[in-house]
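Labels run A, B, C and D following the written order; every chain starts at residue 1.
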Amino acid sequence: MSALSKWSFKVSSFIVGEDFWRGIVAIIVFLIFWEIGSRSEALFGFAFPWVGQVPAPSAVLKEIYRLIQEPSFWHSGYLSTRRVLEGFFAAMLVGIPLGLAMAVSRTFYGITFPVFEVLRPIPPLAWVPAAIIFWPTQELSIAFVTFLGAFFTIVINVIGGAQSIDVRYFQAARSMGSSTFDIFRRIILPGVLPSIVVGATVGIGITWAVVVAAEMISGGGSAGSMGGAAGGGLGFFIWNSYVGGSYTQIVAGMISIGAAGYMSSAILRKIGQLLTPWLAEG
Amino acid sequence: MQYQQRAGTRVKSLVFGALITFSALAANPSTDVAQAAAVKDYGKQGEPIELVIGYQPYYTESWSGVIMRDKKFYEKYLPKGSNVSFQVGLQGAIIVNGMLAGKVDIGYVGDMPGIVSTSHPDVRDIRIVSVLGLGYDQCNVFLVRTDAPTFGSSDDALKWLDGKTVAVPKGSCTDRFAQAVFKAKSLKPSEYLNQSIEVITSGFRAKKLDAAVIWEPTASRLVQEGLARRVASGASVNERDGGFMVMPQALIEQRPDVVKAWLQAELDASLFFADPKNAMEIAKMAVSQTTGFQERSLWASAFGSTPKAAGGTDVRIDLAFGFTPEALDLIKKASAFLFEIKSIPSEIRPEAVQPQFTADILKARGLTAPIGQVKAQPDSAYAGN
Amino acid sequence: MTTQPAYTRSSAPVAGVAAQARKGGVRIMDVVKRYGTQDAGVLAVDHCTFDVPAGEITVVVGPSGCGKTTLLNAIAGFHSLTSGSIYLDNEMLCGPGRLKAEPGPDRIVVFQNGALFPWKTNIENVAFGPIMQGYMTRKDALEKARDMMADAGLRGIENNYPGEISSGVRRRVEIVRALMTDPKILLLDEPYRALDSLTKSVMHEALLEIFYKNRVTIFFITHDLEEAIFLGHRVVIMTTRPCKPKTILDIDIPHPRDYNVLTTKRFREFMDETAAAVHEEATKAFAAGEKER
Amino acid sequence: MISAPRGGRGDDTARTKQFEIKSHVMSQTELSHSRGITATRGNTDGHVSTLALTFHRAALWLQSPRPYLMFIGFSLFLGFWYLAVEVWKLPRFAEMPGLTTVVSEWLSKNPTYGLSIFMEEYYLHIWVSTRRIAIAFFLATAIGVPLGLFLGWSKRFKQYVFPVFELLRPVPPLAWVPLAIVMFAGSETPVIFLTFLASFYATALNTMLGVESIDVSYIRAASCLGAKRWQVFRHVIVPGALPFIFTGLQISVGVAWFSLVAGEMVSGQYGLGYVINTSYTMVRYPTIIIGMVTLGIVGYVTSAAIRMLGNYMMQWRTRELALGEER
């Protein structure tokens, strides 16, 4: 079957399949419950617990529609995305070689892994104050915190990937007289690639979570910002709407971050599939 | 087992090597590298200078900074070609952190952050060079939720706080004041939360806070927006508050000309602040440099009047500029208290206060500290809509 | 001397093997199985008909991916049929009206790469069946399990976990687990596929020993012709996908068999006779690039 | 000499196949070898107790070069920190608190900023943070595991519930901070909600993956042996998914700490996140580092506790992996 028809076969079965319809029904029910819940004060006189305070989806949709036309909203989105990418690529640039070095040489692993393991449990956000002191500009401190978010995950996955390469591949390669570099390029890199992709997809998800919080805390929260609204970014946008008291904007901000995070993971998964065709045998 | 022995020997040599290099380096630290890094180089006297000013438009007592930024008085005194950039701090402590990290050169801060900044000479030697203003209800304003009971006097209000949730931005002048009042009146709030002025604002809006101790203009904003009620201030317990200007010793030593120039401009700004007819213009300046504040609440924070029962005062700010006895007394008392609650590692250093600059300038211009006062004006005086 | 076993299963008293009524006979009649929709689907079994005589070992041989496992799954009740019917002791397992049989303790499957529960000790695995069906208390079931394992020469590893013993030993524990519920028929899906030939020969003898002791019907799937002829009373050689019986041979080598059967003239004749047929199907399957279904 | 390092288990790597029974052929001798281990322990019931196993592994660890390498690693790291800040005073490092100041503050009887291991307040912060983690983690497990089991077990349930679950999951838990403060009364519940949310996603998802990773032949074998649907659920699905559930729990504890810190930083009275944040605004630099290191240690201890609980609950896997390690 040609790729196209194979693809159409997959999609058509998805559309007509019951999964799709049941999913739609579930989401509609959820939205209705949310609408009623947040309007409960007006409809039933008493506010439902929790959901009572949350703005109704209809109001949020109106808000999103308004925000989309505002360039400042897209600017915040751009700022956050740039910080995510900066932190993420730095984490890949540093994390992958470090992970590979750890996987390849036992001594290096023995020296660096214990220190790495002690620093790993410290949540990236605990670094925000120290980062603000250490790094000259606020931009760098947020990028540093997002870097930490992805760095640990990527290194762990690279090590895991390298360890799971079957030792027979090494023996086979060595028996065919390949040099250390050949082994590295022919065996270790392709072998580790799938887990690099996994680490990257998980990592970018974490960077999104971290950038939002870092912007909130350093941009607006008690750690305070040098230069007031210069913080910018979606996290700061949500913080500002919170401080300004417009809760619909908060939810709109949350949804946009969710969408952005989802898209970046999806893009990475796609790139991952392209990089490792031998895995995706359908 | 062959692997174990070979790796063992290799490892032992590594450990040995690391120890040698480690001790060699630690033994003879290269001093010249050590010195240069900690002290910032501000250039020779008379040269144009780059200055970063950390100021607080959200702190009325230090509004001389707002006026400086708007009116640019400093351009008259600083060497030609100098470049000054202003950075907003939401809280004095953030400016102090910026100064300790060498990213900010001059700071407009409240009493607690001011004193705390002088207490880290090991990181960076910072000194207090001028008194922006003293007051009773500028930095220390008690606010309670709107649906709290109506109190006969400030004392009843303070007693009500026992067992309630009180929020305060930790490390600010309100933190020192609140802890001093709680100790003096032996009050024990159920929760003493550390929240920024923004979280406190939203806390009152979401009706989650019983009370907060906050500084102007946020106090006036919360009252004007009907989110909270003002019940007491420093005046109710005769506890003074103050705003100070702080500078690194490196700047004072290397560029006394710049320090004098900036303080000359600061004097002009304070005099401008003291003149009641400038009230509306100053309120407009504050609006342009803040977000989320209406002009009326900014005006009220400096020039508005509040009934005595709620801790109101006639003289809202004493623009001291120089180190008046009251200012020195405030610094001494506050630093003793801060040392007691372990906020600063030791009593304030005598050299932390540098009164001679303001004294010389005042003598040169035939003025005496305090150089003016910001008096409360009747609400009718507010000319805005 | 082991104590006289206190357990007796109420419905079928353990009588002498010979006098036992022959049970476990399976009749597969015109079975068709198609996966997926009508036009784009894959036909796995195409009008397959043959009998599995009760009390005997029937071995089905065929190239990989030809649909023999589908047949086994249909008997066990894991998959439904498209058409045709299967009878167990003249009772319809599945057929028109009921296309999917109900899995039950009368037909126990021994899977290709083993299905001992790794989180239960070996003895808990063996005693699993009776405990689940509830006709035995836990104590009695464990006691019977201990005895049956002892019979099969598996003493001493009762409290180990499956992960701690060799896969050959694991396979024997799995067969003992299957026999615990006194099934009518044992369905073995290439059980010795992952073993090296040395262990395989040990396994063959153990299986025959168990078979002679319990006389349970065995339906055995493999792609190893030698194993089929050595074990089977009857060997059914399947065509490539969609599979249906190509030739059915009754191996008249007398039981009980042991290893020197492999070198007898009669065994050689059977090998020559079937090798050509199996080889032909294997190349067809290879050409079609079949992947293990 | 290139060799794939053995051991060094990156336990919460996102490896998809959580456990594979190594279907290698163990000859008869190895059977006795495994009995050999039990013989040396001499415990009666014949299998290897976990305690004995850990001692055994510790002994192995000491003989190998790893402890010395670890010593080098830490001395290099701490050495650089000490040199960079206090001796060389490198540009950006000069303002950071030095190693000696932090350690002396941390271990001093009368710390300048009121927080050291001798101060009662220090343990109060740890206790408050851990209590919040415990509550959130318990709730996430109590709700996440059953939900994950049902999501994996019944197709219909998954078709209805999973889309909504996936709709909410991309929103990072920390984006909920402002909404949580508004939705929940008091200052304690929002923080717990945030921590709960993060670990709930991880637990539910990994449990579901666990159920889906169970080899279908186990389910078929059980139904063959006469187990009814709920018996299959209890005897196959739950134990089979256990390794994944525990991976999920470990990830969820890490993520819980992650969002707890954010919750505490925004508004709070106690807790390690609060300590780190107020030490910043009150310019108590050594206390910031103390807060961070304590957070690291407590975080590490909690996930190690989960790992140990997992190993204990899954005896069969510990022994099997131990045998694998021996080879």
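The rule is simple: a residue touches a chain if its C-beta (ideal position, glycine included) is under 8 Å from a C-beta of that chain, and two chains touch if they have at least 3 such contacts.
These numbers were taken from a predicted model, which means no experiment stands behind them.
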item	value
Contact-richer chain pair (by C-beta pairs counted) among B-D and A-B	B-D
Inter-chain centre distance, chain B versus chain D - centres from mean C-alpha coordinates, in Å	42
Centre distance in Å when chain A and chain C are each reduced to the mean of their C-alpha atoms	50
Inter-centroid spacing, chain B versus chain A (mean Cα positions, whole Å)	38
Where chain B and chain C are represented by their mean Cα positions, the distance between them in whole Å	84
Junction residues of chain D - those touching two or more other chains	65, 68-69, 72, 76, 95, 178, 181-182, 266, 277, 280-281, 285
Shared interface positions of chain B, touching two or more other chains	7, 10-11, 14, 91, 93-94, 97, 100-101, 169-170, 194-195, 199, 202, 206
Per-residue overlap in chain C, given as positions that touch at least 2 other chains	none
All pairs of touching chains, each written as two labels joined by a dash	A-B, A-D, B-D, C-D
Chain D residues touching chain B - in the complex, by the definition given at the top	63-65, 68-69, 71-72, 75-76, 79, 82-83, 87-91, 94-95, 101, 111-114, 178, 181-182, 185-187, 266-269, 274, 277-278, 280-285
Parts of chain A lying in touch with chain B, wherever the complex brings them together	53, 106-107, 110, 132-133, 136, 220-229, 239-240, 242-245
Interface residues, chain C side, partner chain D - complex	76-78, 103-105, 107-109, 111-115, 117-121, 128-129, 132-133, 156-157, 159-169, 177, 181, 194-196, 199
Contacting residues of chain B [partner chain A, same complex]	7, 10-11, 14, 54, 87-91, 93-95, 97-98, 100-101, 103-104, 169-170, 194-196, 198-199, 201-202, 205-206, 291-292
Parts of chain B lying in touch with chain D, wherever the complex brings them together	4, 7-8, 10-12, 14-15, 18-19, 22, 25-26, 29-30, 33-35, 37-38, 91, 93-94, 96-97, 100-102, 113, 116-117, 119-120, 122-124, 165, 167, 169-172, 175, 191-195, 199, 202-203, 206, 208, 341-343, 345-346
